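In the two complexes below, subunit A is the common chain; its partner is subunit B in one and subunit C in the other.
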Partner chain A sequence: MSGNITGRILVFVLLCIAVIWAFFPILFMISSSFKPGNLIWSYPPKLIAEPTFANYQNIATLFPRFWKSFFNSVIVTALTTALTLTMAIASAFVFSRLRQPWLKVPAFLMIFVRMFPGIVVVIPLYPVFNELGWLDTVTPLVLCGAAFAVSMATLLIKTFVDDIPVDLEEAAMIDGCSRVGAFIRITLPLLTPAIAAVSLVVAIGSWNEYLFPLVFTSNDARTAPVIIAIAMSNEDGVAWGGIMAMATAYLAPPLLLVLMLHKQITNVMTMGAVKG
Partner chain B sequence: MSRVQIRQAGKRYAAVEVLKGVSVDIEDGQFVVLVGPSGCGKSTLLRMIAGLEEISSGEIDIGGRVVNDLQPKDRDIAMVFQSYALYPHKTVADNMGFALRLKRVPEAEIKAKVMRAAEILSLTNLLDRYPRQLSGGQRQRVAMGRAIVRDPQVFLFDEPLSNLDAKLRVQMRAEIKELHQRLKTTTIYVTHDQVEAMTMADKIVVMRDGSIEQIGTPLELYDRPKNMFVAGFIGSPSMNFIKGTMSSPGFTTEDGIALPTPAERPASATVYGVRPEHLRLADDGIPLEVVVLEPTGSETIVLGKLGKQNITCVFRERISAQAGSIIRVRPDLQAVHLFDQNGAAIR
Partner chain C sequence: MATNASTAAPIPRPNKRSRYSENLLAATAVTPPILLLVLFIGIPAVALLATAFTDYSPGIEPEFIGWKNFTTLFNSSVFYSILLRNIGYVIGVVSLQLLVALGIALILDNELPYRRIWMALLIAPFAISPVVGVVIWKNLLDPSYGLVNYVVSSLGLPTVPWMSTPLTSMIAVVIVAVWRGFPFIAIILFAALRGIPVEVKEAAKIDGATSFQIFWHVKLPFIMPALSIMALFETIFAVREFDTIQTMTGGGPGTSTSLLSHYLYRTAFGTFRFGMGAAVGWVMLALTMLMAALIIWRAYRDMFPKNKA
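Up next, the complex of A and B:
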């Protein structure tokens, strides 16, 4: 019994260390964003001393391109997620429901393309996008982001489609649906938790994307990660308070998304735990 | 008219032929059971009728219309699946009304039809529940309700009772039969359970390895099986098959035991078939060594040895023989079946 309690305490302590390890940079960033610049590196450190919103108010002055880039990030993430999910759901339906031997070829190609490092793809695409007049627009960011995310999203969604009995679609076909109609009307609503979870993965991947906007954009279509990175390499010194405020603002949308989809994601995590 | 005619229907997956040109004629309002062991092609045939599998060769005609190239939704059929296939995110009422909603039937009419089907199947209190909140038997009823509301030309059932426990299966069997008697809709029912086939069917189609072995009424199949497969498949426990030869006094087993034979004694007979329930206790009968005795209350099942061959007997009487003791049994000569070396019945 005492061994059991000792074990539990040990697990608890280890978990606490892991949580502190994971959350320390985030907590430091958030608390620093509410401190005057001179107190951020003060010793001994204070969690929040004289909280102030000045860093947030100064973002527009210190980093005039940030809010525009923030908006670009939202647009690119929304479009990339929507495009990726549309393609991934359609592909998952094909790979799961049409058991044709030739489908092994596109399945292999999807995974094969995913194996290329991003920089290898960027080099030949740059002149192409230049020729198309797409540089410094969100178009190449959305297309490249979706192209990279679709294989993993397809694989994830396919595993969930596989778990939904095909009988349901067949029953719907007899009830009056076409094959695709049966998938849309019956299987798709049952995939909602899986789609929510995959959306989150894709959206966060796109939100954090750095390489494509760095290479394909220069001004109008720049996204927030590039602007934040540039702000950190200012020759005149780093405005840490402003940077911490920018980073905290940049953290907010994914955090909101996780909170919004929390219930659906929990459902996915417990899927298959109980026999239906 | 909802007559179903299957003409030389075949199904092939690449080099594998799973259905070898079968033909069945199902009259309007008939209850036909496709029965056979796993892998015999009965579910494939049902799915071909439903339009869920393509027809490789031959024709399927429903109500005077060849449906080979029609989508499932255009065949005017309803199907009850082994897994019930209820839509988990829809209530019972929405499950039952789904097909009508797709047809854009007015909402009031849908409600009336769903309510009528629910009353027939005792589901009125469950209409707002979700499938996960129902028991196996209730789910089964909802699946049938979904089929009923559409008022189709043909009902298709694909082993609908196999997920239920034994007691519920007997109850649902009776309910399905009663439903058919009430609606008189042509029904095609697939099962591997010969008891289900015998108790429910107007006509049974016995299948094996993608071919039809025999078509007939339950009693035709029981009394006059065409071959050893049908004879062994229909009836529970299975018919006893005793190997031997026909000689001038009668049939002699491989162990040299003489068995009483009908008046006609075809020389080509090599297998003597007698059902367990057609063996009776008789003081002057053939000796049978008791191996296992299984009293069920209503009857006693005896597993015994006739020479080296296993024999099963079912007696209405209660007997108290011990394992290893000898009982004497006599076959009912009217019910003896003789088969040639190819397994075909000799008449």
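Up next, the complex of A and C:
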């Protein structure tokens, strides 16, 4: 592959173009969030201009609901990820280690139902949540988020459980461990890296979710993406400096995690999609 | 092979009592997620089927009106143009995503110094939410002050009126979708390329094959399964595109960039014609299931490998 020098240079030039296409837009927005308001739309555009924290300081006055919505995003993401992973680990264990014939029914249901588009369920659920008094609380966001994430998480974790020999669990069971006890003590610790990576993928999905909070919340339980989208659609004068600062604050956690843990994420995604 | 078999094989537990406890264990573990899936996805989807045959609107007692919503829908030129646009959007986004991802996977498949760093930077858009993607690209694509038009004009080319005509608005949406979607596919394709045995590539090289011939006759056939699964997956997600349309163009100008999801949302929550929205929902479900059938079958087969004929 390494072949001649021209080939190598060509590959490197293409790589640079690809990296600019993928990463430069993110960098440019982060840089813009530190520009003073009058320089954000300076022409010709500047990559860096008189860095200041003013946009971040102004968030609280320009968009008083943002930090509360950011906090809501944290709560929803934490609860959704915890609920999804608890269910996914238990089901992955059962699907991998037990061979009850009837398990094919829930397995099929999981694979089939996850394909449904979210927009299709919000119409029938809206009046129900209204009746239950769940609108504008985090409850429907967590439950719907977990419902849509649990299949993928289960299937991913199952492929990792499949790869861990059952012999160790059997040995522990001969020593008097219960079946669940053997799984928790022997196999679960070996799964930690996979569980961490799947958690991250689930958390990113929940953190970025826009449709459910848009439909099911109106004020108190609004999450960050909805507030940013509303700020952007404000027809009379969009406060771009503030929006860039909000967007940067909101994208920082998942971006940092992906940059740090990209290797683990790559492994998990490859396992899930290519295997079999 | 032998170890494989022992991993997959269940622990033999013949006596009745333990079979009962196994059933109990399996049921306990599987019930919560299944309950969640049924209550929040399954039943609502079935309820949607019913709603589509009514004139339901919040506060009004729903009345059964038969196929009327569907006939109205299929006689509406707005719906047809949205359906066609959605199909065009899916074809455009998915083919561009696959092309970009394939190109990047092929670049990564070379011997590169610091490959880990390049990969981290290349998959970064995977972390970005659709809303932030729109913030980023609305800024870059601003017709008068944006960086993209600045670069275009400094190259002496005519600038593009982004976001002011239906076509340029749609292209902007496609750019955001491709940008956010390619990293996942690129990772999968890169892994598939890495899976090609070195001997196969070496043999082709010794036979005097050019780089392109190696790509076309060796690499492409090898990664075809991964490529086609990704195409199906991305199609399913492009059919339901909502976030980017809603936040970037709001479906406008007019309904000229509206897609099915967005049209459904507007019909149901904008004009409160829930029955009509539900009918759109069924069109989306039908399109999705058409694409998903193969994925569902494959995933089910992989889950119970012993069923393989």
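What we mean here is this: the second predicted complex is superposed on the first by the 251 of 276 C-alpha atoms of A that agree within 3 Å, B and C clash if a C-alpha of one lies under 4 Å from a C-alpha of the other, contacts with A are read in each partner's own complex, and residues count from 1 in each chain.
Simple rule for what comes next: a contact is a pair of C-beta atoms (placed from the backbone, for glycine too) under 8 Å apart; a residue touches a chain by one contact, two chains touch by 3 or more.
This structure is a prediction, so every number in the text was calculated from the model and none was measured.
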State whether A:135 touches subunit B only (first), subunit C only (second), both chains, or neither.
neither
Identify the partner contact of A:170: answer first if only subunit B is touched, second if only subunit C is, both if each is, neither if none is.
both
Could you say whether A:186 touches subunit B, subunit C, both of them, or neither, answering first, second, both or neither?
first
In this superposed model, does subunit C or subunit B come into contact with more residues of subunit A?
C
Which subunit A residues are contacted by subunit C in one complex and by subunit B in the other?
165, 167, 170, 173, 276
Residue set of subunit B touching subunit A in the complex reads 50-52, 71-73, 77-79, 81-83, 85-89, 98-99, 102-103, 132, 146, 150
Mind pulling up the subunit A residues that touch subunit B in the complex?
165, 167-168, 170-178, 186, 189-190, 276
Within their complex, state which residues of subunit C touch subunit A.
3, 6-11, 22-23, 25-26, 28-30, 32-34, 36-45, 47-48, 51, 58, 100, 103-104, 107, 109-112, 116, 118-132, 134-140, 142, 144-147, 150, 154, 179, 182-184, 187-188, 191-192, 195, 201, 211, 226, 229-230, 233, 236, 239-240, 242-243, 246-247, 250, 261, 264-265, 268-269, 274, 277-278, 281, 284-285, 288-289, 292, 295-296, 298-305
Provide the residue numbers of subunit A that touch subunit C in the complex, in ascending order.
1-3, 7-8, 11, 14-15, 18-19, 21-23, 25-26, 28-29, 32, 41-45, 87-88, 90-91, 93-95, 97-100, 103-104, 106-127, 130, 143-144, 146-148, 150-151, 154-155, 158, 162-167, 169-170, 173, 179-180, 204, 207-208, 210-211, 214-215, 225, 228-229, 232-233, 240, 243-244, 247, 250-251, 254-255, 257-259, 262-263, 265-266, 269-270, 273-276
